[in-house]
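In what comes next, chain A is part of two complexes: it sits with chain B in the first one and with chain C in the second one.
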Partner chain A sequence: MAALTLYPESERLPRGERITFNLYMISALLLFVLMMVLGVIMRMGQSLWLDVPPDLFYQVLSMHGAGMVGTMSLATTAVMWFFLRKYVRLHLWAFLANYLLFLCGALCIIGAVFVGRYAGLWTFLYPLPTHAMGMWGNGAAACFMVGYLFIGVGSLLFYLDAAAAIIGRYGNLGRAMGLQWLFGGTIDPDHPKAVVASTMVVIANSLGILAGAVVLVMYLVAIAYPEFTMNALYAKNLTYWFGHMYINATIYMGVMAVYELLARYSGRPYAISRPFLWSWAASCVFVIVVFPHHLLMDYAQPRWVAVTGQVVSYLAGFPVFLVTVWGALTNIHRSGMRWSTPSRLLILSMFGWAAGILPAILDGTIGINRVMHNTQWVPGHFHFYLLLGVLPMVLALLYHVIGSRRAAPPDSGADRLGVPVYLIGGMTFALAFLDAGHMSVARRMSSHLAEWIPNDRVGAIGASLVLLAMVYFAVRIIHGLLRAPGAESTAHAAG
Partner chain B sequence: MSVRALLWWLPAGAIALLASPPLRHALETSMTAQMLLQLPLLAVLGGLLAAALPTHVRTALARWDQGGCSGLLLASVTSLLWMLPRALDAGVDLPWVAGAKFLSLPLLVGMPLALSWPRMGFVLRGVVCMEAIASCFRLGWLFLATPQQLCSNYLLGDQQRLGYALLAIGGGVFVLLLGRLIGGRWTLPAGEARRPR
Partner chain C sequence: MIFQDLVWTIAASGIALVALVFLYIVANAGRAIDPAALSTSQRRIAGLRRGLFWVLVLVFVGASYASLHRFPIPPQHAPLDAAQVVDVQARQWSWQLSQPGQPPGAALQLTAGAPVEFRVRSDDVNHGFAIYAPNGRIAIQTQAMPGFTNKILHTFTQVGTYRVMCLEYCGLGHAPMVSSFDVAAPAGG
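Our next item is the complex of A and B:
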């Protein structure tokens, strides 16, 4: 049996890989800041602190949604690549191709929104994109769909390269996920958790991309031949299969940072176990079939599909979430954890994921969904886990990387202040949304009733704090990434 | 007769047989038979013809087909043409289009694909498979949802039968591939990664 390795091999990046990684992360940080500016503009507009015309509001909402999902995927793809490349041989061209196709897609989406005035939101629902009532042209809708196709094809290339590398090393995807150890046998303690998680993402998100590849092209057909009408319910199911998988995959890619980095700061191995393998195998299945929980309000959907959506909602997120949080807590308990910015961000991400998942599970319950789904409860839950869960995972890796390039953990006074500002801002912002959901404030509305405005203002203040902290993180990290790499710290034992 | 000659004459004879009036009529009486039997058979026979090409021809072609990209591009563009309902109609009605069909599918789809497939890496093969599955779903959906008949030679019922068949084929190929990826034995194309760093 192989020994349990506390710190896997060196993470030093060769020049080409370092430049590509920097391109990903610097682009992602800049896009995060820009998209947050758009978010603050919307909350300010709802608060009546800023005059945002309704047509512009819905354009900004479309850009913010598509931009944030795409950027989150870009950043977490880099997280997955960063760790997976240590165990299997990935090709740099595939990683770079994904980046370039993402840029092409982003340009199409920006052009569709700000030139073509597309405002059909990122979760475009048929027939809205093709029936804009003069608000935008079919060209803009087509450009938006083509942008998604570019981004999806880029991700697919990266996943296929990852699949080839994983199969080359482990024989097939099942063995890479550790399925051979589910019912017995001695688990290889050095089997990388990053490989298990990456394999799950490759399987699940490739299926989502396949659904997207079908429905997006059908939208293009409907734009080219208006006499062709799709079944709106089929279109919605496929759209959400694609969209749901794409954004969920960001959590599973981001969490690799927790698996790989936590042990560096706790000084204690983060062991792999049978429950860990079971949870990833179960989540792989459930996360693929859970998307009907987005369609619980669609009365035309067969009842059994809605029931499946509810039951699987309870099962999909919990297994991985439980083993990860339990594993993280037992890993740091009495470990003499070295607290610095990366380790604080890792623990913040566990909290954000844990707290953010609860409103999601509540909303996945049919009885609650009927009341809450069209309220700001929904943006409350996904902003909670994305802002306080997934994004801190990315930031933790980046702080770790710039620390390793300086052979010292970054932990200045400003860093120590930045994390609580981000946390307080994020909590205020997300809780304002959840409270608005409790008050039945409708979501996706540019104009709000007077009774809702105090809540909007609290949200706007929280969003501004998050933006402030994020601008600091972005400047700090970009400066660190652009510095020439120094001597590698010894296995990052000091973090 | 040498093995190479046999490899040449058998598929060529089969193509001629498919072009003979009784078989051609049988396979062109329904849209489903034409799209799911006649066209794929012609492409497969073209693929078999590739085995009969002399080594020096294959070597010369390989220089123009790095990674299998050129062959794939040629096959994709040609297949695209034969996916159009209008082309299916013309292939039935116009003799010269029928001639083009019986020549182009073996020589410009099957043969280049057979020559290029071994040169393709895992990623390109994966893209081809994903696109093939997605195309089955898209065309199936399109044929089922379109309210009017797309080919003047075939009725709406036939078109919808083809739609269901394409959805079933897409689903079947998808399940097979997924099963193989998760639990199958793999021999990766030459040059693919086999060891960790």
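Our next item is the complex of A and C:
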């Protein structure tokens, strides 16, 4: 059965594709390491182990946030491209254009932060970027916004190409998501999960990016014409509609690695099903309408909007637990699983996602948000599912790809050590945030009260362990990606 | 039990439960099940999933009702009729807290046991108005957003000094943007 071939021919990367894929992933790995260094610097500063002045701290925080979100999107876009290209005809120029526009955007953001001293955070909450009290200028804010627009245009180009290819192959987006099988009919067992997930991402994230573009362009107008002002609540809604979907799309793009690869390591088919199609259809709606849970403390919002944010936050847990995580666990349960670095990372990613959304769902409760909002509870849950969920999905694919060069999954002693170091570091780091959140430690502060510092130090140690493991993974994978693909054509059956 | 401790206990228990399930599955993943027993096992797993679905539905309905039947945010467009009122004005990077009829800068006169209405506004950018109880935990918060008034209705149960901190990043002076006020015991209390 083709689905259980460890390194199928259809995944072979011809020269142009291989170079572009390598550009994406090597850039992403280097950026992940650099952004983690910035994260460690902040935790060290809060721990009083490093002198980080407030202006530098907030610049670093802005760079870390924008950089991590952007890099996560870059890497998971490559995951989506890697699998989707097997089923529909994608154009390499669109994939490459996205990369080049990302680079232009990244340069603008880096320049805005480290040259222009922009420190309005990745969420650019109106009107702070144009109200810096002398900390940075409007030019730096505009440069930051233009950087986002470059990255957004690149993503939209890639999604438009994907949408055209999907529609060309399946007729329309609904059929690609399998909506025709929601209420009956025989599901095509070969309908690819990656196509279902990609279609959902194209729909949701295109809307989110357009919302972001609207607010960014309005910002640029406000910078050019200071007499123009926006409604702050309206701008915040648009910002979080964009921000929520953009970062959540990385999970939905990354999880394609689990859908595509897990069965090859377990040796057990991972069939598409009606619950799977329902979960993706529902998730598409949920991710579009759930963003008001970021504005639960804006009491001026209509009550029904806040209730929507809470209720949909709860509902969003259903597809994760009942379909994706359940499906992955039952796929490997007593399967005779062949454990290697890629399969370990795949299961780690499922754990990180499942465990990390629990505190996130709790925080989506209005009554709980009243005492947890903007405490370290928030970075606690999103680092949990991004660091221990999404990033391992990307690393799993990369380990799988470098394994394909040798026709065997990589599993050296250092690899076997790297995964638990990453897990222990990540857990320590994320749990320190969550523990601090329940102690009401504020997030996004350059200096902390004396009683908060012991917790910061635990977090700093955890972050350092993650960084250590990530440096190893980056070196190992970059070396593997740059190897001559001599054995690439070798394909063999798993199990 | 402090509310935040309860939330942390629920979250930690959930994370631990997920971890245990993963450990169990991972520990057994290396052993292949007899192919003849596979279909029986899959039927049992499908049954378990149906059970989990209904458990989640029950939790969803129960938690939604428990957390929403008394809506936690007071009406924003109707008078709250609280006997104690505080006007909060946020600006980069200070708080101005005042009571109607009191001279600007006068210390707040607040007592425990009776509701206090806080009318929170901002002069410039978004701020987060968070009241920290004497035990160091957040008692209540809302956003201070330019162009809007967010109203809190809160009854203090603890006498002592409360700290106000900004919980929405607002620029260089965000961390030191603090204030405080005292809450006294009710007269005759």
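Just so we're on the same page, the second predicted complex is superposed on the first by the 475 of 495 C-alpha atoms of A that agree within 3 Å, B and C clash if a C-alpha of one lies under 4 Å from a C-alpha of the other, contacts with A are read in each partner's own complex, and residues count from 1 in each chain.
One rule holds in what follows: a contact is a pair of C-beta atoms (placed from the backbone, for glycine too) under 8 Å apart; a residue touches a chain by one contact, two chains touch by 3 or more.
Because the structure is predicted, anything quoted here is derived from the model rather than measured.
K.L.:
Following the superposition defined at the top, how do chain B and chain C come out on chain A, clash or fit?
P.N.:
fit
K.L.:
In the superposed arrangement, does A:Ala232 touch chain B (first), chain C (second), both or neither?
P.N.:
A:Ala232: touches chain C, not chain B.
K.L.:
Write the angle, vertex at the C-alpha centre of chain A, between the C-alpha centres of chain B and chain C, to the nearest 10 degrees.
P.N.:
So the angle at the centre of chain A is 100 degrees.
K.L.:
After superposition on the shared chain, which partner residues are touched by A:Val217: those of chain B (first), chain C (second), both, or neither?
P.N.:
It touches chain B, and chain C stays clear.
K.L.:
Should A:Arg85 be classified as contacting the first partner (chain B), the second (chain C), both, or neither?
P.N.:
first
K.L.:
Looking at chain A, which partner touches more of its residues: chain C or chain B?
P.N.:
The partner that reaches more residues of chain A in the superposed model: C.
K.L.:
Touch test for A:Met133: chain B only (first), chain C only (second), both, or neither?
P.N.:
Second partner only, chain C.
K.L.:
Is A:Arg476 touching anything from chain B or chain C once the two structures are fitted on A? First, second, both or neither.
P.N.:
The answer is neither, since A:Arg476 touches no partner chain.
K.L.:
Once the shared chain is lined up, is A:Lys193 touching chain B (first), chain C (second), both, or neither of them?
P.N.:
It touches nothing on chain B or chain C.
K.L.:
Quick check for you: in the superposed arrangement, does A:Ile347 touch first (chain B), second (chain C), both or neither?
P.N.:
The answer is second: A:Ile347 touches chain C but not chain B.
K.L.:
Look at A:His294 in the shared chain and tell me whether it touches chain B only, chain C only, both, or neither; answer first, second, both or neither.
P.N.:
neither
K.L.:
Rounded to whole Å, what minimum CA distance do you find between chain B and chain C in the overlaid structures?
P.N.:
13
K.L.:
Once the complexes are superposed, what residues of chain A are shared between the chain B interface and the chain C interface?
P.N.:
Dual-contact residues (chain A): 231.
K.L.:
Hey, which residues of chain A end up touching chain B in the complex?
P.N.:
So the residues of chain A touching chain B come out as 9, 85-91, 94, 156-157, 160-161, 163-165, 167-169, 171-174, 177, 179, 203, 206, 209-210, 213-214, 217-218, 221, 227-231, 234.
K.L.:
Would you tell me which residues of chain B are touching chain A in their complex?
P.N.:
Against chain A, the touching part of chain B is residues 121-123, 126-127, 130-131, 133-134, 137-138, 141-142, 145-148, 174, 178, 180-186, 188, 192-197.
K.L.:
Looking at the complex, which residues from chain C come into contact with chain A?
P.N.:
3-5, 7-8, 10-12, 14-15, 18-19, 21-22, 25-26, 28-33, 41-42, 45, 49, 52-53, 56, 60, 63-64, 67-68, 71-74, 76, 92, 124-126, 128, 130, 132, 136-143, 145-152, 165, 167-176
K.L.:
Applying the document's contact rule, which stretches of chain A touch chain C when the two form their complex?
P.N.:
By the definition above, chain A touches chain C via 54-55, 58, 119, 121, 125-128, 131-133, 135, 231-233, 236, 266-267, 297-300, 303, 306-307, 310-311, 314-315, 317-318, 321-322, 326, 329-330, 332-337, 339, 347, 350-351, 354-355, 358-359, 362, 365-368, 370-375, 434-435, 438-440, 442-447, 451.
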